[in-house]
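Have a look at the structure below before the remarks.
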Amino acid sequence: MNIGASSSILSLIIFLPLLFALVISFWPQRQTLRELALGFSLIQLAVSLLLLRDFDSTTAALQFTEQFTWIERFGISYFVGVDGISLMLVILTTVLMPIMILGSWKSISEQVKGFHVALFVLQSAMLGSFLAMDAILFYVFWELSLIPMYFIVGIWGGARRIYATVKFFIYTMAGSLLMLLAIIFMMRLTPEVTGGAISASLLDFYKLEIPFIAGDFFTPQTLLFFAFAVAFAIKVPLFPLHTWLPDAHVEAPTPGSVVLAGVMLKMGTYGFLRWVIPLFPDASSHYAWLFIALGLVGIIYGALVAMIQPDMKKLVAYSSVSHMGYVILGLFVMNVYGMGGSLYQMLNHGISTGGLFLLIGMIYERTHSREISKYGGLAAAMPIFTIFFIIVTMSSIAVPLTNGFVGEFLILMGAYQYSFTASIFAVTGVILGATYMLWMVKNIFFGPAGEIVKASEHDPEHRLHDMSKREIAVMLPIVILIFWMGLFPNTIMDYSKQSINHLLQNKQNYSLEVK
Amino acid sequence: MSMDAVLFWFLSIVVIGAGLSVVLMSNPIYSALSLVMTMVGVAALFATLNAYFLAGVQLIVYTGAVMVLFVMVLMLFDLKRELQAFSRGKITGFFKIAGVGVLAGLLVGVITFTTQKTSLIAEGSPLAADIAAQAASGADNTKILSENLFLKNILGFELLGVLLLVIAIGVVALSRSKGGTHARD
Amino acid sequence: MLETSMFSEIGLNHYLVLSALLFTIGMAGILLRRNLIVVLMSIELMLNAVNISFVAFSKYNMNSEGQVMVFFVMTIAAAEAAVGLAIIVSIFKRFKEVNIRFFEHLKG
Amino acid sequence: MDHQILIAVLLLSPLLGFLINGFRFRSQSYVIAGTVATLAVTVSFVCSILLFIELLALPAESRRITAHFFEWINLGDLNINAAFVVDQISSIMLLIITGVGALIHLFSIGYMHHDKGVTKYFSYLNFFVFNMLILVLGDSLVTMFVGWEGVGLCSYLLIGFWFSDSAKAAAGMKAFITNRVGDAAFLLGMFILFMTFGTLNFYELNALAPTTMEASWLGAVTLATLMLFIGATGKSAQIPLYVWLPDAMAGPTPVSALIHAATMVTAGVYMIIRLNPMFVAAPNTMMVIAIVGAATAVMAATIGVVQNDIKKVLAYSTVSQLGYMFLAVGVGAFGAGMMHLMTHAFFKALMFLGSGSVIHAMHEEQDIRKMGGLRKYLPVTHFTFILGWLAIIGFPFFSGFFSKDEILWQSFSSPRGHTLLWVAGALGAVLTAFYMTRLMALTFWGKSRVDKNIHPHESPWTMTVPLIILGILSVISGFIGVPHAIAEFMGHIPNYWQQWLAPVIRPLPIEELQSVTHTLSEEYMLMGISVFLAMCSAIFAYVVYTKKKHIAENTAQSLKPIYNLLDNKYYVDEIYFGAIINPLVKQSRNLWYYIDVNVIDRMTHVASDVATNGGKLVKTLQNGNMQQYAMYVSLGLIIVLSYVLMR
């Protein structure tokens, strides 16, 4: 098999999941549905690894591009391409997929078919938004990703799922409408650079020079910057636009939480990296302090608030707010350490928080409780589970040799290069991060046997089984990735170095070549 | 006053009076009979407008078919005079009546106003003379109508046929159903 | 002069005004009556009113299109009456009454 | 190349031990687990010796063996490699870690044999050794930080080893988080250094370290070294971050010996010695270090005086001794600090193991008021404990004497020293002699207060052999670094220690050294004073706690407030909890409640309520009454027509 650069591998990556969703929706056998979905997701993973193999990491150019006219009148085209910024996020999406399917083996028992269809559609939409190089196409995928997520939380979620989904949906919609307005506005500007025709291509957008006056809020660049930034900040989520996240996480089923934390939040930070910073360089630099401040507030606020959450998922959700604060911080300090670290931290967060949600899902399946105070002494009952949980926790609190450290270290270093004060606030998050995670670990696993463990000792029906082989198989790739990314970060960072350097060096007149 | 004018005023009074009684009669049977009266009046009005074919059709289709259907249904239901023929609500009722009154006034106003300003048929134009001539001749234009209908608008005509077929089937299906529109079983 | 001409000279306006009055009468029926059959009859009334103006326009504009339209309107009116009555029959079967309040399920 | 393999084996052997034991963590066979773990560390020890020998063979200036494995993080100007280096400093640390480590592993076989989690225990212990080796071998601050955090993690796991006890689990957490506070500062220190010098490699940093002294408090070097020092206070339990160490005694006793006495807690001292040129360039930082070290030495010693838990006494003693080490490096006596690090590793490990032996014999009883007269039952333990005791109180010609005396002398005589620092050091020595003698008296001597149901017995050979070896080391190890004055007195014994370390220690600037002159007689006098006072205090303690117990009770009674203050450890924990942790948690709850729930969510809800209520308002129009709908139509018609007419 030889799929070269000229082939349409990106379209394959985007639309293969849709095909899978179609096949699954017509699959007659209920029993083999999960195996089928797992197989499909592995095929998808293999295809994306082909992309990784053929990717040329020595250039910052856009690769594997495909462009077909879609709506000629408005210059909208089906335009996809991949570079160092999006490549790893694509791989993250495809890697998490089989893990999620395997992780939902037991927890999703109703409407299995619908669930997997939703999951594959979601995957397609997410991949599409990472790969789209056309503004409208991006917008379409961006919005498309909401719909399956809406169903995943709304159908398979917890007791307050409707509240959570509606909140999630409306928050995101509100932001993306602003973005749509901004996109349309920018499309109207494109004739300047294309010589007459309207274009929605991102590459044409990059050529635009949008007027900017420092200090005047009502200049086009500032307004467009904020329109985009708010849309992405909601998705990230950046303080103070984060309140949808804890609700969505708490109510979502395990795979929903995983995909939400693992990939969907990255769509926001990816948006900053791909759209906001290169498109509006003046406004981004001018208002960087604001986003750095919000990122820092998010780091500390998320950590402090996580500390007092009684619900495991809520705790991890707020920890996401804190971790994503680091990513935003790293992006807006605008230096190579910050940006490289941010890009790395996106992957880390996807893996470690995804892992935490999977683990919480496993324990929830057994006990149907996520209340931390009801646990205690679980380490004695479920030692293997404890080991995995602690490993993932260590990754989350950035202990060296796990992936978390590399990202956090680089971001903090970038923050220091930006300002000493910023780095002081940022390292506070390191301390607080350890505090809340270890507090949770202590109260769940250590100490005398809590309510749930005691109940399980007396009642053979509620006996707590340690992790099954399937569950170990779910967690093993995550643990391997945690250590791999902690030990050999270069193997992953090499793919994005060129793109980041290119962005930083040509921020003022950014452009992407097409290879 | 010409014969035409007399005829028009007579028919107008009949049509308006019968129309009012359709709305005001509390017994639906009386309403139906008043409607028949209106229909006949309208058919006669068509005739005064030299649309003889349409007048005939009006008589056959409306008075002959549609109204028979109405009356039949009424008979089927065996409805007596209703105690509460009109909808409740004094305020909304007032609004409705006032609204209708104002609407009528406005319509008449608009008609007279617009024709005064921009006459649909300019006075003294050749067209006006033609019209007068045609009116005087009393020639039937059924032939023109048929040509128009079967040559120019043949597709619409055929579609109407399809529609009628569908309606026929739909009506049968509807009236055969047990629970009507509120089926819960 | 005006008085006499208004009464003696019958023109397009006369027909249009007549049509408008008949139309508003029909509308009043729809707004005020509770019996569904009467409401349906009022609709017929309105359609007839419209037909009058069509024919009038047709005559005074020397154009047969108006009459063709009347033809179509009649057909539709007949069809509508048939369907409407069928629905009314269904309603009657269930409630033994043909009051318009049974149609209040469109409530938002 | 063979160096590389040697270093790889050195590092990987404990890791392998960790993995082997880690994957069979359910096994309760202490023999297999213990053998695997001990062997793993012994292999490392052998490698350390081989490396040491190779180092000896090299000329003094180029004694450095590096092993570069792979590139770890490369971004921008940052190049961090998984590279390890054995030089004069790290080779000593290697020998201590693997040597003492191996002995403690051996000891653990006997000590932990009844424990259900023995395999898990040994795997953690191996993992600790692995991380500690990375810490000392790493060639850059970041690689050191890997081990730095790694040992913190192991410490966390081992303190909370008996996790079903809530207090022990909490102690582990406390240790980790307190260390994290230091680590955060350590990170900042690294960033400052990197942004100033563009590298984090020790050798490059040391070569780049400015030779002119930085006077400003806010200079890059001062700030960086201060931050690194805060990191060191966390790891090495100095004021203000020492609070975790006494609680860390919740872990198994050999763990306390290995991690919380001999190796991990000395990491801070090691780090400072590693970067000594940088610290030398920042006199302000040095001053802070010396003051903090002296203050810690005295304060911990005062607390140690009133402790009744055998391990707590030793813990505070450790804090106090670490204070000495910091005092030493703070006045520029890096060699002396390193020396004390080593001797302390020997005698404190010995004493901790000894206390482990006692606790083992007493069936987990740790209160020294319930001991006494154990000399009869535990002869080997008692004897070796005496050796450790003599070493720590600085009895002449025991190892502690040499190292402590050198520190005291340097704190007085060094250009960066001060008489007050010497006074504090001497006071600490006196207090140390007192409480250590008290410990001896209450545990081993006097009348037995042992519970009738407990029959103390001497420990098996696996436990006594390490005690004996460490006892011997506690006695003789001082002789490799005999201070100048004593060497003169004893007949020109060369100071091997100083010679060995000289190439990697940057001396204080000549101008500073020339500004102070001290005579040999001053040194003898000060030495005499401190030793005399310490011996007096030891004898006093012996008398009080074996013969005249009422004196202690009366004193405690008459100095009730002071006694309470000491007994409650100066209320530092209470202050931390009351002033920082509890308010933080409380404010976090408020933060969540007010900001998330009452501001952000409320705003969201208000927005949604506006939409909902607007919808409800319009909904009343949609009442299902078709006639009303028709009315709307006619109203619309009226409006349109009116418009037409009005126009």
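Lettered A, B, C and D in written order, each chain numbered from 1.
Here is the rule we go by: contacts are C-beta pairs under 8 Å (C-beta built on N, C-alpha and C of every residue); 3 or more make two chains touch, one makes a residue touch a chain.
As the structure is a prediction and not an experimental result, all values here were calculated from the model.
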Fewest touch steps from chain C to chain D?
-> 1
More C-beta pairs touching across which pair, B-C or B-D?
-> B-C
If you average the C-alpha positions per chain, which one ends up nearest the average over all of them?
-> A
Distance between the CA centroids of chain A and chain C (whole Å) is 62
Separation of mean Cα positions, chain C and chain B [Å, integer] | 5
Distance between the centres, which are taken as Cα means, of chain D and chain B, whole angstrom | 101
What positions in chain C touch 2 or more of the other chains?
-> 27, 31-32, 100, 105
If you look at chain B, which of its residues touch at least two other chains?
-> 87, 96, 99-100, 103, 107
What residues in chain A touch two or more of the other chains?
-> none
Pairs of chains satisfying the touch condition = A-D, B-C, B-D, C-D
Can you name the residues of chain A that touch chain D in the complex?
-> 167, 170-171, 240-243, 246, 301, 304-305, 307-309, 335-337, 340-341, 376-377, 379-380, 383, 394, 399-401, 405-406, 409-410, 412-413, 416-417, 420, 423-424, 427-428, 430-431, 434-435, 438-439, 442, 445-449, 487-490, 493, 497
So in the complex, which bits of chain B are touching chain D?
-> 87, 92, 95-96, 99-100, 102-103, 106-107, 109-110, 113-114
Touching chain C in the complex: which residues of chain B?
-> 1-2, 4-5, 8-9, 12, 15-16, 19-20, 22-23, 28, 31-32, 35, 38-39, 42, 45-46, 49-51, 53-54, 57-58, 61-62, 65-66, 69-70, 73-74, 76-77, 79, 82, 84-87, 93, 96-97, 99-101, 103-104, 107-108, 111-112, 115, 120-121, 127, 130-131, 134-135, 141, 144-145, 148-149, 152-153, 156, 160, 163-164, 167-168, 170-171, 174-175, 177-182
Listed in rising order, the residues of chain D that touch chain C in the complex are 619, 622-627, 630-631, 634
Chain D touches which residues of chain C in the complex?
-> 27, 30-32, 100-101, 103-108
